[in-house]
Structure formats: structure tokens, C-alpha cells
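The first chain written gets the first letter, and so on, giving A, B, C and D; residue counts start at 1 in each chain.
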Amino acid sequence: MSEQQTTARVLRQGFLGPDGTFCAAALRAWDPEGRAEHVPFATVPQALKALRAGEIDATMAPIENSVEGGVPATLDALSQGTQLHIVGEVLVPVTFVLAARPRPDGSRMPLADVGAVGTHAHAWAQVRTWAEANLGGAAYVPTLSTAAAAEALARTGELPYQAAVCAPNAAATFGLDVLAEGIGDNGGAVTRFVLVALPGRLPAPTGADKTTVVLFQKLDRAGGLLELLEQFAVRGVNMVRLESRPTGEAMGSYCFSIDFEGHLAEERVRESLIGLKRVCADVRFLGSYPRADGQRGLVDPGMRDGDFVAAREWIDALGG
Amino acid sequence: MSEQQTTARVLRQGFLGPDGTFCAAALRAWDPEGRAEHVPFATVPQALKALRAGEIDATMAPIENSVEGGVPATLDALSQGTQLHIVGEVLVPVTFVLAARPRPDGSRMPLADVGAVGTHAHAWAQVRTWAEANLGGAAYVPTLSTAAAAEALARTGELPYQAAVCAPNAAATFGLDVLAEGIGDNGGAVTRFVLVALPGRLPAPTGADKTTVVLFQKLDRAGGLLELLEQFAVRGVNMVRLESRPTGEAMGSYCFSIDFEGHLAEERVRESLIGLKRVCADVRFLGSYPRADGQRGLVDPGMRDGDFVAAREWIDALGG
Amino acid sequence: MSEQQTTARVLRQGFLGPDGTFCAAALRAWDPEGRAEHVPFATVPQALKALRAGEIDATMAPIENSVEGGVPATLDALSQGTQLHIVGEVLVPVTFVLAARPRPDGSRMPLADVGAVGTHAHAWAQVRTWAEANLGGAAYVPTLSTAAAAEALARTGELPYQAAVCAPNAAATFGLDVLAEGIGDNGGAVTRFVLVALPGRLPAPTGADKTTVVLFQKLDRAGGLLELLEQFAVRGVNMVRLESRPTGEAMGSYCFSIDFEGHLAEERVRESLIGLKRVCADVRFLGSYPRADGQRGLVDPGMRDGDFVAAREWIDALGG
Amino acid sequence: MSEQQTTARVLRQGFLGPDGTFCAAALRAWDPEGRAEHVPFATVPQALKALRAGEIDATMAPIENSVEGGVPATLDALSQGTQLHIVGEVLVPVTFVLAARPRPDGSRMPLADVGAVGTHAHAWAQVRTWAEANLGGAAYVPTLSTAAAAEALARTGELPYQAAVCAPNAAATFGLDVLAEGIGDNGGAVTRFVLVALPGRLPAPTGADKTTVVLFQKLDRAGGLLELLEQFAVRGVNMVRLESRPTGEAMGSYCFSIDFEGHLAEERVRESLIGLKRVCADVRFLGSYPRADGQRGLVDPGMRDGDFVAAREWIDALGG
């Protein structure tokens, strides 16, 4: 991360805490040597608020899960308020365990004793099938995060739930017994986290980059979303994520949070954004950054930087 | 509602309970005379499961909120599992109050005494600005629904929160004091609910209808979403909601939940669906039903039923 | 040709005469055994007029040349007046010779003696480079057809030209000397002829067919030609020829003569035409017929007849 | 015409002669004070050849007729060979008369005595209906131009035709009797002429301009013409003429001659051409010039120069 090279002081990076969350895992994956200070926050909006206030240098935030979809709190916090830029992304496999306090005699709690389960709503949604098959009619108690459920269990036995659904790491961190592991209904679930910072120099293009924008439609334009997507299509830009979000103004008024292949430094991206800016009520640029999977998108003939440069030189030579 | 006219027995309609939720309000608005029996469920998936099992005749479920966006649990429950049809929709204005138990001396709790607030995560997201301004650093405690937070408060004073964010009606239902009203950050917030039933006769077209589908893309097709939207565009069909949802198969694999104007009985709708069925991996039809707002969409020349019929007659006369 | 099998009387087929024209060659290629009577006409419009009057059963007419482009007289005669159908096509390689009367002493005229050349304007355009290099400043004298130039030369020496540009066959037919052969500027030139008849049973689909239509735009529609082409694109129909023609109403008012792959009996063709009929001011169907080159177009997945049938059955099963 | 102001010597402007052609009328309309020398040529290709050779400064050439369509000779001469630019256009109403030599006794020839008519093929096509009704079975004799038919009649009575179809002005110029006037089948016929010059400074934008290009498709691209038209559509550029022309390489290989609203100096035109250059095998720019009708096209919101400039400034401010 470029910030680390350009400053002597220790960077401060926020995350959805406490330790043991998937977000903490994302931050460790991003900064395995722990050169930055990792600062936990109770909610994503609080972490982004601290970032905007200059109290921290960056925030790791979940943006989408391969099973549960987009994370509204993050999407909305990025598309509203002071401008922020995504500077990187991390993919974290999501594996769930059911964890409980060791019983007073040190033995492991049997599943039959679990009358209620505490966890974050998104996690509960992802273990629902397993829970119905294995926990009978166990009640669900919502918590602020998966790790918060585990942490509370570790602290006290006086809770409305006896077991937590959390990351394996959270169970270990808080000294809980693992009653069952791999309980996610979808074995390959992944959560995508983005590292967000105040606008500054963009990460250098790597040839395998993504760009994120939010598009606000003009209400008086007939073509709608189709017209916006054509701005990408005519420049050969591949969209990889599209999430519609309400603008909050009225039912049926949406903006679109979009990821596409390529970097702002590339011509096809730059020209697509110029086109979108013209036909949208507003375009919010949320950053260009290296893809976590390192996959280089295939750029079609006629859409490469050299094609744009050659075409522009041709036009300039025509006079006009 | 047609079911009510065609059967003598009392219909059973599920909703996200307890009484006092916005979902309960939606069901009352749909069935003001209370001809059906209203059956509360703890979660939307449970209510839909009961519907699929034949235990109830219909379920009222929130599908999107003008501030918070789509409701993943409902969207996913409709797009997976046994086929269900939306047979109607209701728009419910979302107004929040802060409610608390009357103090032992019968007096109203001052805001300064509220150290923690219980409510559903979606509601908390919609009162955040007010809460920061008026409740200082009050903690947030997630609950299963706004009404559940109020109901629990009414039952016991031994909770990790002292006040609930809920509908005005919930405060009244459970005998709570209203500490503050109209606390939503967005005064005009609306939640859209849909009444869901097992597939049967579609509601008759009214001229002001909507149709809901879920589109699953073929992975090997280049055009992507653009290609799907063109199927609507060439038949003059207006899309009014588009929500991308992960299919759960892999990061980056999405399906699209879409509402558009018109009824399956109309030619432009029928032909669009035929076109989509051909180019999609799968299309799930989720019903045609009258719009809650009664607005008749403008159908462009060349896109009306008569235009399709005339064109088909012309073709038939050509032989072939 | 189906007409031949279904009638005992000898068919009469018109062509642009006299004998020795490329059009005559096309008709011979179509009917090599000479089962029909071949009736020459001075111009294409006259031949089509006779067809419409019922005096002949079919007319062979040039529709485009690979060098000179569309043949306006044919295109306009087909797009106006009583409806006609194309029932077949023939591709004729276009090879030109320079031909002259044998001199009185039986010797061949030297090129230096050719002060003026008679031929059809389209032929002259195709030998211009050769003529400039080999005939110095020879003047050009327009004639009604290439064969007419040759025929007149054979009849009399009293003409404003001494040599004719015509087909090798015309030189032979009229007993002229060939002064030079292969004089076309483009060695691979081909003219495409179509056999036209009054509407009747369409030729049966062969799997390698073409369909020809004329599209008249609605003046008040913004999308213009793009909108028309999208009707093909969403059904996977490949266009192989597009010719714009003035409607004659005003400068800038055009119709489009279009050939595309497929037969009216195929679903994707049928549905495209239904779509076009809806968005055009008018659509004139000019026939589905076997391709002269026998090439089978590749039909994309989702665009085959079975895909349409399956999609329609799915819709029908939904009710509506 | 700007050339006239910047040089002392008399300009030489070629046209399809002789005097009395519609092309001569176009040149007079362009240069009513006769400041340039008007040089007649027998054919359009000859006039353009002289222009390319530097023998003349400009050439007036017919490019399309509202009834007969595009003029292949002009279209092809512009799209092949040394680059030329269109610098202006003129619309000439096309009115035909039937003209003949006064009889020896000074009386007017009766229509019944007209056994054959000489004229250019395009003119004959435009008076066909009148001729059939009024000249019975009169034969048609092709000539190089309408005025050439009149001029020859004036010179000698020894021709294979007795009357000429020509412009009223040609009859007057050559001292012929007008036997009938207004004989065109389409009363409002107009021919559009373009003034062509070697590339130099483009005519300054007037706000009511047109641009002409020739587009050569890449053979390996699926989208075909649709893809090209989308390059215009996403920048709000209106096409006003599209003519497909064979490239001469093979049957089915076309290029497109296109006129659209706007001037190369305008952003939406410039960006469309850059886009086309990228996706085409080749783009030939044939000039931006004031419209003859002075009509200002409506430019959609988001497509004006200011919109492009603002969008580009926004992008530049993002860094990248």
C-alpha cells in the first residue's frame, strides 16, 4: 500500500470490530506484517465517519457477499457525503462455526442444549439450512457482528443465546468451543472487502484493475439504464457488478453502484466516464484499484489505449 | 382480492409479526374489513415456508424500502424454492417513534436516560441522524423487528435497551410512551409490501399493472445485462425496479429481480418474456398484479396490443 | 422451380434482353434445360410491368452488382406498385470483352481504330481503367444494355461507336470479333439476379435461405434506422444487404431495402418481421428463397426455432 | 466561398456539362456573380480527375436525387483515390421539359411526331409515367446528360431521337421549342450537389452544418452496422443520409457513405469519429460544411460542446 511507503508515522486503519470479525481477517490479509495500526469500530458507518474526520487513514469495509449480496450500509456511506476512494480490495472466504462457552465441567455443550443462537443477520441467513436441520427450533437473536456475538458469550453466560455463529478465528480469539464447523449453507461463500481512503493519488494501474462508480440518472431521460450501459458497451468496457440503490428521494428513484474492468488511466475507462458524466445527473467516481484476483480482462480490438490515441491523432490531422 | 370472493372459508394471511409491525399495517391496508385471518410469523422466510407448506393462503412481505432498498430475505425467498406469485402490492409510509415504558411513577422517560435503543437494523439505519443528534452516544441493540423491540419492552424492564424505535401503532399496541415522533431521517420514506400466494389464476389486468420476474444470465453470453434490457426496449416495456442479487454460486454471478409496467395478458409483456426466456439461462415469473398507485403507464405507438395483433395477422396472411 | 412441376403449360419468363445480356445468362443458369420460354424486354420496368399484367409468369432482374452496387430500377420497381415476390436468386460472374464487326477484309479491327465505345453505363463504369489505358481518348456512347450495343453493331456499321463492351456470349451470339477480353477493372465482379413472380406459395425452406423486405420508417420516431436494426439483433437475425432508397416524397425521406438470412417459416424471421411491422410505417415483404451460394447461416443459441417454441410453451403454461 | 476571398487569381470550378445541365445550375446558384470560371466536363469522374490533378480548384457534382437516390459515380469517386473534401452543398429543384427543334416552317413539333426521346437515364426514369401517357410507345435513347441530348438536337436533325428531356434552361440555351413542361412524375424532385475540393482549411462551423464520411467495416466484427450506428447514438448525433456501396472486393462487402448533422469542430462529431475510427477497418472523412437549407439540428442535453468540456474537466480533476 503506497501510503505506507510515503510516510514514517504508523498508519491507522479502521475495521468492523471486534477482533475476530471477517473484516479483521480482511485487514490482516491486506497488511499481513501488521505495519499499520488496526482500529476496531462497532459499525461500518462509524468507521467511515472517523475516516472522513481524519481520525484514521483508511477503513476496511465489506461491500458484497457472494451469497447475501451488496452491503447497503457500505454502499450508501460511499455514495453519499464527503468523497472517498476505494484503493484496494480483499476477498475473504466465509466459513462459519457454531461456538459456545465450555461448560463449567470443561465439557463441550451438546447441540441439543442450544435453545437460541446469536449472530449477525447476514451470517444467520447463510447458515439457515444447517440450523433448521441440526438445531431444531432454536431461536435467533440478532447481534451487531458475528464476533460481537462470540465476544459477549466469552464475557458472560447471562445472554439470551447459548451459542454464536462466527468465524473460526473468532471462536479461537475468545476461547470458545467449536460445536460444529463448516456450517455455511454455501461452501464457497466469499465476502469482498474494500479498503477506503480519502481521495489522493490513485493506485498505479497494474493491467488488472477495477473501477467503481455511482451513477445517478436524469429523471427526464427515456432510455434509462440501457442508455447508461451503452456508454460502456461502445467502448468495450466490461461491467462486473451492478447494484441499484434507492436515492432516498422517492420510491422508484434509484442510483447504480457499478464496478467495471479497467483503470481511470486507461482510455476506454476515461472516455466511458466522460460519456456517463454527460448523460447522468451525476457520476461519483469511487476509485480505480488492483483486482484482488489479479485477473487481466481481455480488451477487445479497437478498445485498447493505442486505438484511442491513433484515432485522436487521425482526427487532429484532419483539422477542424 | 379474488380469493376472498371465490371461497367461503376464511383465508389465512401471514405477515412479519408481531402486531404493530409495518407489515401488519400493510396487511390491514390490503384487507381493511378483516375478512381474512392475519397470522404473525417471526421472520419473512418462516412465513413463506408456511405458505409453501399450504398452512396459510398468502403472505404479506416487505420487498423494498425507498431509503434502505431491496429486502434480500424476501427477494431471495421468492427467487428460490417452489414457485410463488405476487398477487398485489401495498405502499406503507414509514414513520418512526422512539417509545419507552412509562416510568414507575407514571412519568415519561427523559431522552437523557436512554442509554441503548432496540430496533430492527433497517429501522436503525433510517433514524441514525436523529439518534446521533438527540441520543448522544446511545448504543444500538438489534432486534428481529421494530414491533418485537416494542413488545419486549412492554413485557419486561430487564432488557439491554431502554427505548425502541418502532411504528406509532406499535407504541400504542403495547402501551408504551412516545418519547419522540417523526424521527426518521427521511420524512417521505415508504416501504413497499407484496402479497404472495401459490401460483393460481393471475389477478385480472386493470390497465395499471406491474409484472415481476427474476432473470438468470447465461454465463457464456457477451452482451450481459445490456442484452436483457434490449428485450424490453424493443417492445416498449418500461422497467421500474432492478435489483441484482447473487446467485450464491460464485462471486460475480448475479441474477436480476425486475419489476416492469404491464400485465402478462398484454402482448408487449408476453413477447418480452418470450425473448428473455430464449436468451437467459432461466426466467422466473413472479406474477402480474395491479399497481398500488393505480398509475397507468404510457404505452408507445407500435407497442399496444392491437399493434401486435395486426402485425401477426399481416404475417399470417403472407403464408410462409 | 416449383411452378414448373405444378403446371403442364410452358412457363414464360421475362428478362432484360436481347439475348446475350448477363440477364439472359442468369435465366439460362436458372433454367438450364430451357423448359420455360424466355421472353426478352428492353428494360427491367417493362418486364416487371408485363409480369404484373399477367403476360408472363416470372421475371429475371438484376438487383445488385458487386462493383456497381444496387440496381435502382429493380429496387424501386419491387418496392412500389403491386406486390411481387422474389422466388430465387442467381449469381453471374461478370466478364467483359471489347467486340467489333469484322472489317470488310475479314481482319480484326485494331484498338487504335476504336474512336468511340457503346455499352450500358454500368458496364462502362466497370471497364473505365482498362479503357483509359488502352483506348486513349475513346468517347463513350450509352446504350440500353451491353447486348443491345453488340446487336446494333452486328446490324449496321453506321453507328456513333465502332466497338461494344459486352459479355463474351453476346459477341459470339452476334458474330462479332473479340478485340480484347477480361477487360473488367475488377476481375471477380459478380451480378446478382433475382427471379420475381406474383405472390403465391413461398419456396420451401432449405436451411440456407434469404428473406428480402423493404422498410418504411415512421417519421416521428427518434431512433431511426438503429431502432429497426435492433429488431433483427434481439432475434439473432443477420443482415446481408442494406440499401437505402429515396421514397420520392422529399429529400431525406428514405426506405430501406434489406436482405437477411433465414426464411419466413423460421421463428426468428417471423418475430423480427412482427416487430418491424409494429415500429415501421410500413413493411413490404418481398419473399423468402434459397440462397444461390447454399451457405447455411449460423443461428445463435436462443435464436433457433426450438427456443421460440419452448419459450412460448412456457408462457402459455403461466396462464395470464 | 472562402477560396475566393483568399486569392487574387480567378478560381476554376468544374461541372458536368455542357451548359444547361442541372449541375451547371447548381454552380450558378453557388457562385451567382460568376466570380469563378466554370469548366464543363463530360462526366463526373473526369471532373474529379481534373480536380485531383490540380487543373481546377473545385468540382460541383450531383450526389443524390430525391427520387433516383444516390449517384454511384460521385459516391465512389469520393470514397476511393486521393482524398477530397466536400466544402458546400446546393439543392436544385429538378424540373423537366420535353424539347425539340423548331420545324423547318418554324412551327412546333406535335407530340405525335416524337418517335424516340433522348436523355440521361436518371431523367428518363423520372418522366416515365408522363411519357407512357403522352408519348405512346416512344423509344428511349440514352445520352450522357440531359443537356447533351438538347445540345445534339440543336446541332443536327440527324439523330435517332426527335425530342430531348432536359432542364427548361437547356431548352432555352440551345434554342429548342418546349413541347411540354413540368413533365416530371414527381413535382417536388430535388437534386443535391456538392462542391468538392482538395483538402484544406474546413469551412468554418455555422451552427447548421453537415459532415460526410465513408465507413469501412471490419469483417470480423459481429455487430456490423448496428455497432457503427451506436457510436453516433451515444453521442446524440443524427444521421441524415446512409448509402451502402459495394467495396468491389466481393459480393456482400459494403462500405457506408453517411451524412450526419454537425461539424468536425463540434465535440459530439469529433468523439463519434474517434469511436468509429476505433471500430471500423477505415473511416474516410469527406468534409464538414454548411447545410444548404440552413436548418439547425436540435442538440440533446448532454451532447453539447459544453457538456463534453465539463465532463473532461471533471475527469482531469480526478487524477488518474
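One rule holds for everything that comes next: contacts are C-beta pairs under 8 Å (C-beta built on N, C-alpha and C of every residue); 3 or more make two chains touch, one makes a residue touch a chain.
Predicted, not measured: the structure shown is a model, and the values here were computed from it.
Peer 1: Give the fewest steps needed to get from chain A to chain C, where each step moves from one chain to a chain it touches.
Peer 2: The least step count works out to 2.
Peer 1: Which chains make contact with chain A and with chain B at once?
Peer 2: Both-contact set = empty.
Peer 1: In terms of C-beta pairs in contact, which of C-D and B-C ranks higher?
Peer 2: C-D
Peer 1: Quick check: how many Å separate the C-alpha centres of chain B and chain C?
Peer 2: It comes to 60 Å between the two C-alpha centres.
Peer 1: Averaging only over C-alpha atoms, locate the centres of chain C and chain D and give their separation in whole Å.
Peer 2: 25
Peer 1: For chain D, jot down the residues that touch at least 2 other chains.
Peer 2: Expected reply: 230, 233.
Peer 1: Which two-chain combinations qualify as touching?
Peer 2: Contact pairs between chains: A-B, A-D, B-C, C-D.
Peer 1: In the complex, go through chain A and note every residue touching chain D.
Peer 2: Going by the criterion above, the answer is residues 199, 201-202, 218, 227, 230-231, 233-235, 263-265, 270-271, 273-275, 277-279, 283, 285, 288, 301-303, 307-308, 310-312, 314-315, 318-320.
Peer 1: Per the contact definition, I'd like the list of chain D residues that touch chain C in the complex.
Peer 2: 42-43, 45, 64-70, 72-73, 91, 121, 125, 128, 140, 142-144, 186, 188-190, 192, 223-226, 229-230, 233, 238-246, 248-254
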